[in-house]
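The same chain A turns up in both complexes below, where it pairs with chain B and then with chain C.
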Partner chain A sequence: MSGSGRTFRALLRKDIVLELRSRELVPAMSAFVLATFVLFRFGLGGAHLAGGTRAAVGLFWVGMVFMATLGLMRTFAAERESRLWDGILSAPIDRAWVWAARTCATLAFLVVVQVAALPVFWLLFLQDGPSPSFWVLIAALVLADLGLAALGALVAGLASAVRAREVLLPVLYLPFSIPLVLVAVSLTVHTIPPQTSGFGVAQRLGFLALYDTLFGLLGWALFEYVLED
Partner chain B sequence: MSRANGARIDRASAAAATAAALMTLALVLVVFYVPTDVGDGYRQRIFYFHVPIAITTYALFGWGALNAARFLWKGDPSLDLRSYVPMHLGTIFGTLTLITGSIWAHASWGTWWDWSSTELNTFLIIFLFYCAYFMLRFSVEPGEKRARYSAVYAILGVGLIPVSVLAVHLGQDIIHPIVFTRHGANMDNSMLFTFLVNLAAMLSLAYAMYEVEMRGKRLDERLAQIRRLAGGAA
Partner chain C sequence: MSSSEALLCAGLVRRYGHRTALDGVDLRVERGETVVLTGANGAGKTTLLRVLATVLRPTSGRVVVEGHALPAAARAARPLVGYAGHEPLVYPALTARENLDLYAALFGVEPDAVPRALDRVGLAPRGTDRVSEFSRGMLQRLSLARATLHRPQVLLLDEPSSGLDAGGSALLDELLAETGRTVVIATHDPERFDAAARRLLIDAGRVSG
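Let's turn to the complex of A and B:
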């Protein structure tokens, strides 16, 4: 394995081990997403779902973005609080690998929470009505998670070193999630029967892939300027 | 030194005079010269303000992001100010775009906000981004770190512009009128002339504001330097 590969693996392992030891993020994100779904259910009318499953699918994506934001609030917290930055910054490594490892770790945390969240969402919102295409939803989730994680790692890096970081992170992050939610909602809602013809699922999945690529490249290129302290 | 300052003052004054002349000409053309649109009537004339303001906003954000990239590349602290000032002005012009777009939407479609309008919704997303830019900038102490963080976030914003346009197109059914197509402008010569004069007026107004604000910021910096020196001497 090359030096870069070893660096990436070590950093990713550090992020995963920190989470396994502290159990700070995944349980909090899971509890948050569960509470959000219940809140949305009552917000949509409780017994009778106002707006039907289409409204529920829209709220599902909003819940995913809020959950990712919550997870990102603690990103780089251990590095800051335990002075891990000193070690990382003094190591002769490309800073972009720190971003890449954090992106992959965040992606892993999002996927773990969503594996538990999807059945709960089905139970609360979809069991009595038409559902979106399962495979389209999964593909959209994977692509959206990648974009949220790639951008989130960079923005969390920026927010981690400023005043009022917990308040600032959502303010910095949410404008970027709007295009993602807009396309993900239109993509998944259109797969709920009755479907409209001539709708480009591939086009919209392509947009999500483009979003990942663009912010992935920007994250890779810009992260060294975030850590230059 | 004094000659350089004099040249800068002249440039700002010249830009302000040009902007005033072009704005007056643009107003005269919009009110008295341009023919009334057959479909939308007199109210369509807001187009001559709304679209040039929107284009000026994009130009300011682009200029700000370009200087942000140059700051990261060269590390010249003056480029931070040349990035911040266009961002600040872009937010003012962006607000004007939202207001004029909202008035146009009400005149054309009977609603103050249309969620299927590409222009309005794209600007709304970008406007939220630039509000966040200022939140980030003023959460960091003045200095190299603030300049660096602002530059990184400004460059991210340039990525957000095409992504937002594309997302609004893909996510909704569009009803916004398409004036500029691949085959050219969908308007007659007098309308195109009026539009171009308005665009020149808005761009020159933005440039004049840029020069004036840069002068003010440089004076602020010099004053702060003098205070620091005076404090040190005391």
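Let's turn to the complex of A and C:
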């Protein structure tokens, strides 16, 4: 394995092992998103929302973004609390690998939470309606999650250096996630008949891939400077 | 910079916002030399070591580490420098072995070096224990193993003797006695170290000696 591959694998393994041992993020994110769905379900008057499928899907993605924000609050917490940045920064590596590993770890955590959250959401809001196009839905979730993770790892790195990180993180994260959420909602709606349209779906999947590429490039290029003291 | 110099600072300034931590440091350390840096709390010892370790950018001035000018050539200098900070710089939730495996990957060191490093600092029997269970002295030993894992030419140590028992102190002396290595030690206890080492005082961000 090349030096870069070994670096990436070691950093990703570290992030996953830390979560498996601490069980800090995934259980909290899962509890948060499930509680949000229950609140929406009963707070907004039952399964049949006034806005129909679109409103329900909107609630799902709003829940996902807030859940991701909650998880990102603890991203790089170990490095910050044990002053570990000096150890990482003294290594002769491209610091973009730190961002790449954190993006992949965050993506994995989001996917794990969604595996639990999505069936619950369907049961609470959409069980009476038609079934979604499964593979398009999976593609939409993965692309949207990747964008949320790439942006999140970059913003969490920025926020980790400042005292008011709990305030700065959502202030930076939420506005930049708006285009992604709007398209993810629209795309998810298009996976459910009768709204399904091949062209509309492809267009929206393309936008999500573009968003992922943009924040992938930004994260890769900027993370070196994000970590400068 | 002459070929015999390992470290060179000329007019090094480092500011944190409006506070000046290093105020025009001039320092020259020869290859293989040991320098003991003393000074009151907040005098700038740790900041100077962090700049030399390439984890902090100088605000202004010239810094050269083993022929590599910082910050432009920091990445080339990093494999040549080992830094043991005031904190052990290890993940408490990982085992000693996992921490060293991580740093071995980051520094491009063969995985075989990790058990040898643990053995060298007397932590081989505790290699699979989580670091959160370690005493201060064991953390210090692990920190020394981490900082020397990639066999650096320059070793920067911030209060390396704190928390070490007799065995740990002997180990530290052994590391410092290795020939050919340049060592800079920041400490409040300069008498603890070799009398032959050059002693410098840092006060209000300036070095004298």
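Rule of thumb we're sticking to: the second predicted complex is superposed on the first by the 217 of 229 C-alpha atoms of A that agree within 3 Å, B and C clash if a C-alpha of one lies under 4 Å from a C-alpha of the other, contacts with A are read in each partner's own complex, and residues count from 1 in each chain.
Note that contacts are C-beta pairs under 8 Å (C-beta built on N, C-alpha and C of every residue); 3 or more make two chains touch, one makes a residue touch a chain.
Predicted model only: the values in this text are computed from it and were never measured.
Novice: What does the overlay on chain A give for chain B and chain C, a clash or a fit?
Specialist: They fit side by side.
Novice: I'd like to know which partner A:R9 touches here: chain B for first, chain C for second, both or neither.
Specialist: The second partner, chain C, only.
Novice: Residues of chain A touched: more by chain B or chain C?
Specialist: The partner with more contacted residues on chain A is B.
Novice: Quick one: is A:L141 in contact with chain B, with chain C, with both, or with neither? Answer first, second, both or neither.
Specialist: So A:L141 meets neither chain B nor chain C here.
Novice: Is A:F207 contacted by the first partner chain B, the second partner chain C, both or neither?
Specialist: So A:F207 only meets chain B here.
Novice: In the overlaid three-chain picture, which partner chain does A:I88 touch, first (chain B) or second (chain C), both, or neither?
Specialist: In the superposition, A:I88 touches chain C alone.
Novice: Answer with first, second, both or neither: which of chain B and chain C does A:L59 touch in the superposed model?
Specialist: Neither partner.
Novice: In the superposed arrangement, does A:S186 touch chain B (first), chain C (second), both or neither?
Specialist: In the superposition, A:S186 contacts chain B only.
Novice: Write the angle, vertex at the C-alpha centre of chain A, between the C-alpha centres of chain B and chain C, to the nearest 10 degrees.
Specialist: Here the answer is 90 degrees.
Novice: Superposed on chain A, how close does chain B come to chain C by Cα atoms? Whole Å, please.
Specialist: For chain B and chain C in the superposition, the minimum C-alpha gap reads 5 Å.
Novice: By the touch definition above, which chain A residues appear in both interfaces, chain B in one complex and chain C in the other?
Specialist: 228-229
Novice: Would you mind writing out the residues of chain A in touch with chain B in their complex?
Specialist: 151, 154-155, 158-159, 161-164, 168, 171-172, 174-176, 178-180, 182-183, 185-186, 200, 203-204, 207, 210-211, 214-215, 218, 222, 225-226, 228-229
Novice: For the complex, which residues does chain B have touching chain A?
Specialist: 72, 125-126, 128-129, 131-132, 135-136, 139-140, 145, 148-149, 151-153, 155-156, 159-160, 163-164, 166-168, 170-172
Novice: Which residues of chain C touch chain A once you look at their complex with the stated criterion?
Specialist: 50, 53-57, 75-76, 78-79, 81, 83, 85, 87, 89-94, 98, 101-103, 105-108, 130, 146
Novice: Spell out the residues on chain A that touch chain C in their complex, using ranges where they run on.
Specialist: Of all residues in chain A, those touching chain C are 3, 6-7, 9-11, 14, 17-18, 21-22, 78, 82-93, 228-229.
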